[in-house]
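The two complexes that follow have chain A in common; it is paired with chain B in the first and with chain C in the second.
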Partner chain A sequence: MTARVLPLNRVDEFVRRLLAAAEVIAPRRVDGGDVFYGPIASPGEVAWDYSTAVEPLKRFLLPQREPILRFSTNGKLEVRPEYDETERVFLGVRCCDVTGVSVLDAMFGGEIVDPYYMARRERSTFIALTCQQPDAHCFCVCGDAGPFLKTGYDQQWTALKDGMLVEVGSERGEALAAANEDLLLPAQMEHIKERHRLAREAETRFGEYHAYAAAAMRKLTTAEVADEVWQQAADRCIECGGCTFLCPTCSCFTVTDRWEAPGRGVRERHWDACLYSCYSREASGHNPRPEGADRMRGRFFHKLSHQWAQRNGRHACVGCGRCVVGCMAWSHMPAVSEAIRRGAMP
Partner chain B sequence: MGVSPSRAHPVSRGRLCLKGWHAHELMDNSSRLTRPLVRRGGQLVEASWSEATKAAAQGLRDVLSSEGPEGVGVLGSARGTNEDNYVLARFARATLGTGNIDCSLRLHCFAEPMELNGALGPSANQGLISDLDDSSVILIVGGDPTEENPAVGAHVHRARARGAKVITAFARRHALGRVADVHLPVRPGAELRWVGSLLNVVLVEREGGDELAALRRHVAELTPERTEPETGVPAAATRRAGEMLAEASQAAIVICAAMALSPQGSEAAAALGALGRVRSAQDRPKFAVLSLLSRNNLQGCRDMGVTPYLLPGYGRLEEDADVERLQRAWGTPVSRARGLAAWEMLGRVKALYIMGDDPIRALPQQAETRAALEGLKFLVVQDIFMTPAAEMADVVFPAAAFGEREGTWTSLERRVQRVRKAVDPPGEAREDWRILADVSGSLGKPMPYSSPQDIFEEIVTHLPLYAGVFYPRLGVNGGVRWQAPQAAAPEAPAAAEAGFGEASAAAKTNEQRPLLLAADPTLGAWDGEVTVSRTLSVAAEFTVSEKDYPTGMLCVSPADAARFQLRSGRPARVVSDRGEQQMRVVVSDEVPEGVALVPYWQAVRMQVMAVVTEPKTGRPLLAPTPVSVEAPK
Partner chain C sequence: MRNPYLPLVATIQSVKEETYDTTTFRLKIDDPKERAAFTYRPGQFVEVSVFGAGEAPFCLSSSGHGRDTLDITVRKLGRVTSALHALGEGGQVGVRGPLGNWFPFEEVAGKHILFIGGGLGLAPLRPQIQDVYRERDRFASITVLYGARTPQDLIYRDELTEWQQAEGMKCLLTVDVATDGWEGNVGVVGTLLSQVKLDVPQTVAFVCGPPIMIRFVVQDLVSLGFGEDAIISTLERHMRCGIGKCNHCMMGDKYVCLDGPVFSYRQMKAMTELEGE
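Here is the complex of A and B:
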């Protein structure tokens, strides 16, 4: 699967062709200046010059509220599952976010296959855009998820002077390249060298946040973290759910049924957060994780322990830094990971 | 459907609290009111808009003719938009001709400065939330912002992460208190006394400076050593807090909304607010004073005149110019009556019109509130859910919620922002202002507004304070803040004249009643609140006190638990001179010795706590009450 170059003056045409065949999700600048991943209607809407999007790709594979089946009781009971079978291309999305999808794949495509997630996932193509200037809150190097990826993408584009270097990482990516061969040129050695140079340079541009996941994983997995650390972390958490909802790899949900009209209803699943006090509260009133400290321990065990990493194929932090942005107190991944290593929260 | 944060917003900066992430669950919620209801044969039955509007108008007309305008009252909404509240103020003063207009949640606000000190000026913060970002010392008094206003709490946590020192002063060692550099467990009822001793350290110990000379004189004798026995705060700790504040080049004082519900809380807030006059070496205010509000549009509700003693835009009832301005705008006479407050209306008016307000939850002595509502001749409620008041109503109108309509809200920073429509309201629900305009039309006083923008243009034209709030800029990046006139904080607030609480607001404990029971608004702060209790994700998080402690959650310290043989999860009989209540115990090291805490929202249902009346405003407040506590045999 050889690398190609898509000249700058052919990028829009490539995007037009994508739009003709699928829904294209790309970074878009909205009123006020935020950048969100969202469907585009024309190539001009892609915000190629963005640093990071407010939210990860999760919403397109696991929406905040998702109908999973509809039921009606008029006459006889009918139950119909509902799947989203839209073809989607995710264009210009960040490497950390693409890596996050691989963790969701382990959750929903592992021993128990989730048909709702897989219906979307199987119809998704990921074209990552490498990051040359991380945001202040980024630490994807700690998450082994960027700023440039070695594997784990369908295509990975890097913005060079003359155009986009197109690396191919899967059969799907290769098929997409082959179908648009008329727009592409073979990549030369100078392009490859430039790509590697940009990767090395990007790695020097990170800010103050980091999460030395390996060290944290060791301490966590071998039960070397004192209870006191979890209590301190819980004291710095208001259980808003922000870290959970913004995290590319978090996927917990709850299920509810709702009537829409007499005799007609819908079963939905909604995002849930393991930090919520009632997340695991049982109908009897018993709560296996009654204290905030218990829930913090649970969350970070899921993110960083060796046991979970074995299941996921990797630990569950991609270093996107969104928990740093979205935390309403001070219990995000860098803060807690440091506390795990050092024995106390700041 | 879902919600996303905005990094570009100057206050939230990409963060949302629990309620924020799930607010959209209000919208297609199957418990929403969707059709007008009219009481027939003792039952509320569905009706058309035409029938319900006529019924509402007829009922009000009947009471107006038999009781006069003094016999009707109107309650407005701290969660509704500015436009809704402005139209409600017009409905009250122009259509019904009454001055009885208020919002129950005004009970939870500090008394207006003009009432306490005679100073002119609207109730509005001069300080900004972003002032916290630059402060090296932050004092948090009277509550926990991470609970009441998480958006503000987030700024405190980030300042702390950057090295700012945090001092918390509150009876309970709440979440922020557990991470603060200094936590001061101020005994309930002694808040004003403690503030005096803090000011003693800050003002008296400082070198030079002529600001607040009068105040300095008043606190000269109130040393921390002298007040320690009443406040329960070790003198050295108060001194340390005062010194930290005095030495900071830039500091912030956050006065939490919960403090407004303490007796003398208003006076304590006014005294702290006086620090806003101190200038730094750079000749800027050294102390940013930020007074928090307990609802999204409580500021806007006040700005729009949902108060019995002010006109919209803080117009004065006695000022001919202010009255005439509105009469010209509305084309009708306007009542200049100084009306009854929400807590005074119940039991005195014969008809009530409630828009997006919850008097049963908000007012103390819940049994009396319910009885008063039941005793009305006529009651109209317009809201998004069937509230307890709506269940008693003669006419119920289904209202559109946020996200289903356009409008504006004004934050505690005076920030006016648009609330945008994302989905259609469910069923036949309509915007509040539109419902009011129709009822007003049926009463012979049409209100020809065509849209919320139309109403807003009128507000901007006729309310001088909102001039310059340019509608097109209200939709993004935090909107526009209206300009607060530079009304200086009073030099010596009334609290100082009163000797900084010579008598503590709490009666003394004794052998027979050895514990001081206080109602804590920060415990279960959102339990039972109407928007929270019907939204799935949020309701689950705010049900502990109701589900597990329905008769009352009594929080005591480990020392007191040992002393009185109380155990977590077990019942306890609490007795005061006023009455008694059997509650269930939580033993917690967050509670100081000698004090027992119960959620305010539960205390209002009980007959245990003493009720005191705030002088000048008449606000009824639950006072810390000496009690005995025993485990039943």
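Here is the complex of A and C:
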């Protein structure tokens, strides 16, 4: 699977062809200047020059609220599932977010497949855009998730001077390139060299945030983290759930039923957050994680321990830095990782 | 691909009041083919839907041996359990399962089997007691120790009477608080351990009940010399999905729904340590 170049003046045509075949989710600049991933209607809407999007790709594969069953109790009880079978191309999305999807793949795949997630996932194509301008809060280099990827994408694009370098990472990505071969040129050695130079330079542009994941992983794995760390982190945490909702890999959900009309209802699943005090509370009132410190420990153990990394194929922090931006209490991944390493919150 | 979230429709075949707040529902899966394919083992659980109210996990309290129905024994406590109690015989529910692992059976053949139940914790033990008793020739002995808060809280009373009279089984009862002219034992279930003769190295204990009861009984058993692998329990969590996706039942490095709900004390100790207790 050889690399190609999509000349600058053909990018819009490529996007138009994507739009003709699928819903295209791309970075869009909204009023106020923030960038969100969302559906585009024309090539001009893509914000190619962004650093990070406010939210990750999670909601397009695991919506904040989604119907999973519809039921009718009029007469004979009938229950039927409902799937989203929309074809989607994720265009120009960041490497950290594409890596986040690979963690979701492990969680929702495996021996028991989640059919709602998989219905979307099987119809999704990921065109990653390598990152040359990390934000101040970014630390994907520490999360093995960017700024350039080695695997995990269908295509990976890098903005060069005269066009996009198109790297292919899957059969799906190759098929997409082959179908648009008339727009693409074979990549030359200078393009490849330029890509590697940009990758090296990008790695020098990271700011002050680092998650010392290796030390945190080791201590979590062997249950060596001082209780005070969890207590201090929990004392700050206001349990808003923001870090979990903004996280590309946090995927806890709860399930509720709702009537839509007499005798006709829907079962929905919703995002949930393991930091909420009611998260694991049972009807009897028994709560296996009654204290904030218990829940903080549980969250970071799931994110970073070797035990869960083994189950999910990698640890569950991609270094997107959204928890740094979202946390109002300085209880985010880099802060807590550092606390685990030092034995106290920074 | 089968959708693991899609329940089978089942009908409540019978309703048996166990106590003032606890009821055993016997469910029969409507579709004959699905019914025949629904085989389960002691320790496993199901997710039961009362559509409109929601879904909740319940351990199977019947033995699947030679029957095409399944029992769940339910305390009326929250939204789903209240809605379930409001449905009578003939009511329709959804069933997903069987889910989770099960109690060892072949692995404990030849051993003395000790069951220790507290309150509603007798429910998951009941099918294992029935299965072990059915093949009692293959076990050295069978002992059931059961305790509840008051005599009114004892479940499966008819069966308890049968077990007390059964040959080849010893069954002792106790209550925390004696009322209504109770003349039996008074005290927590662990106190019954002193009334039975145990060949500890050859005994496997199955322990179920509220978390506090499990904690104390396990302490008692460990001090009697039980090994960590000779104490087996089941854990309860509010499992939303039952298939290791929603994460609500996570405990240390395990999902209670997928890796359990049956665990040895050795496993539970390791999980508890990771949870920081």
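A few comments on the model shown:
Following the convention adopted for this analysis, the second predicted complex is superposed on the first by the 346 of 346 C-alpha atoms of A that agree within 3 Å, B and C clash if a C-alpha of one lies under 4 Å from a C-alpha of the other, contacts with A are read in each partner's own complex, and residues count from 1 in each chain.
The rule we apply is simple: contacts are C-beta pairs under 8 Å (C-beta built on N, C-alpha and C of every residue); 3 or more make two chains touch, one makes a residue touch a chain.
Not measured: the values here are computed from a predicted model.
Superposition model on chain A: chain B and chain C are shown accommodated side by side without a clash. After overlaying the two complexes on the shared chain, residue contacts for A:Gly33 are found with chain B alone; chain C is out of touch. Contact with chain C, but none with chain B, is seen for A:Ser280 once the two complexes are overlaid on the shared chain.
Touch criterion met: A:Arg289 reaches chain C, while chain B stays clear of it. Contacts of A:Asp272 after superposition on the shared chain: both chain B and chain C are touched. When both complexes are overlaid on chain A, the residue A:Ala215 reaches neither chain B nor chain C. In the superposition on chain A, A:Gly242 makes contact with chain B only, while chain C stays out of contact range. Of the two partner chains, neither chain B nor chain C is touched by A:Val141.
Contacts of A:Leu160 after superposition on the shared chain: neither chain B nor chain C is touched.
Rounded to the nearest 10, the angle at the Cα centre of chain A between chain B and chain C in the chain-A superposition is 80°. In the superposed pair of complexes, A:His302 makes contact with chain C only, with no contact to chain B. After superposing the two complexes on chain A, the closest approach between C-alpha atoms of chain B and chain C comes to 11 Å. Overlaid on A, the two complexes show chain B and chain C touching the same residues of chain A, namely 254, 256, 259, 272, 281. Of all the residues in chain B, the ones that touch chain A in their complex are 1-9, 13-18, 20-21, 24-25, 28, 30, 146-147, 150-151, 153-154, 157-158, 160-161, 175, 178-179, 475-477, 536-537, 540-541, 543-544, 547-548.
Contacts from chain C toward chain A in the complex involve residues 1, 3-7, 9, 49, 51-56, 75, 77-81, 92, 94, 210-211, 236-238, 240-241, 243-253, 258, 273-276.
Considering their complex, residues 68-69, 71, 73, 77-79, 81, 107-108, 110, 112-116, 118, 223, 227, 230, 251-257, 259, 265, 267, 269, 272, 274, 279-284, 286, 288-289, 293-294, 297-298, 301-302, 305, 307-308, 311 of chain A touch chain C.
Put simply, chain A touches chain B in their complex at residues 31-34, 36, 54-55, 59, 63-65, 232, 235-236, 238-242, 245-246, 254, 256, 258-260, 270-272, 276-278, 281, 285, 325-330, 335, 346.
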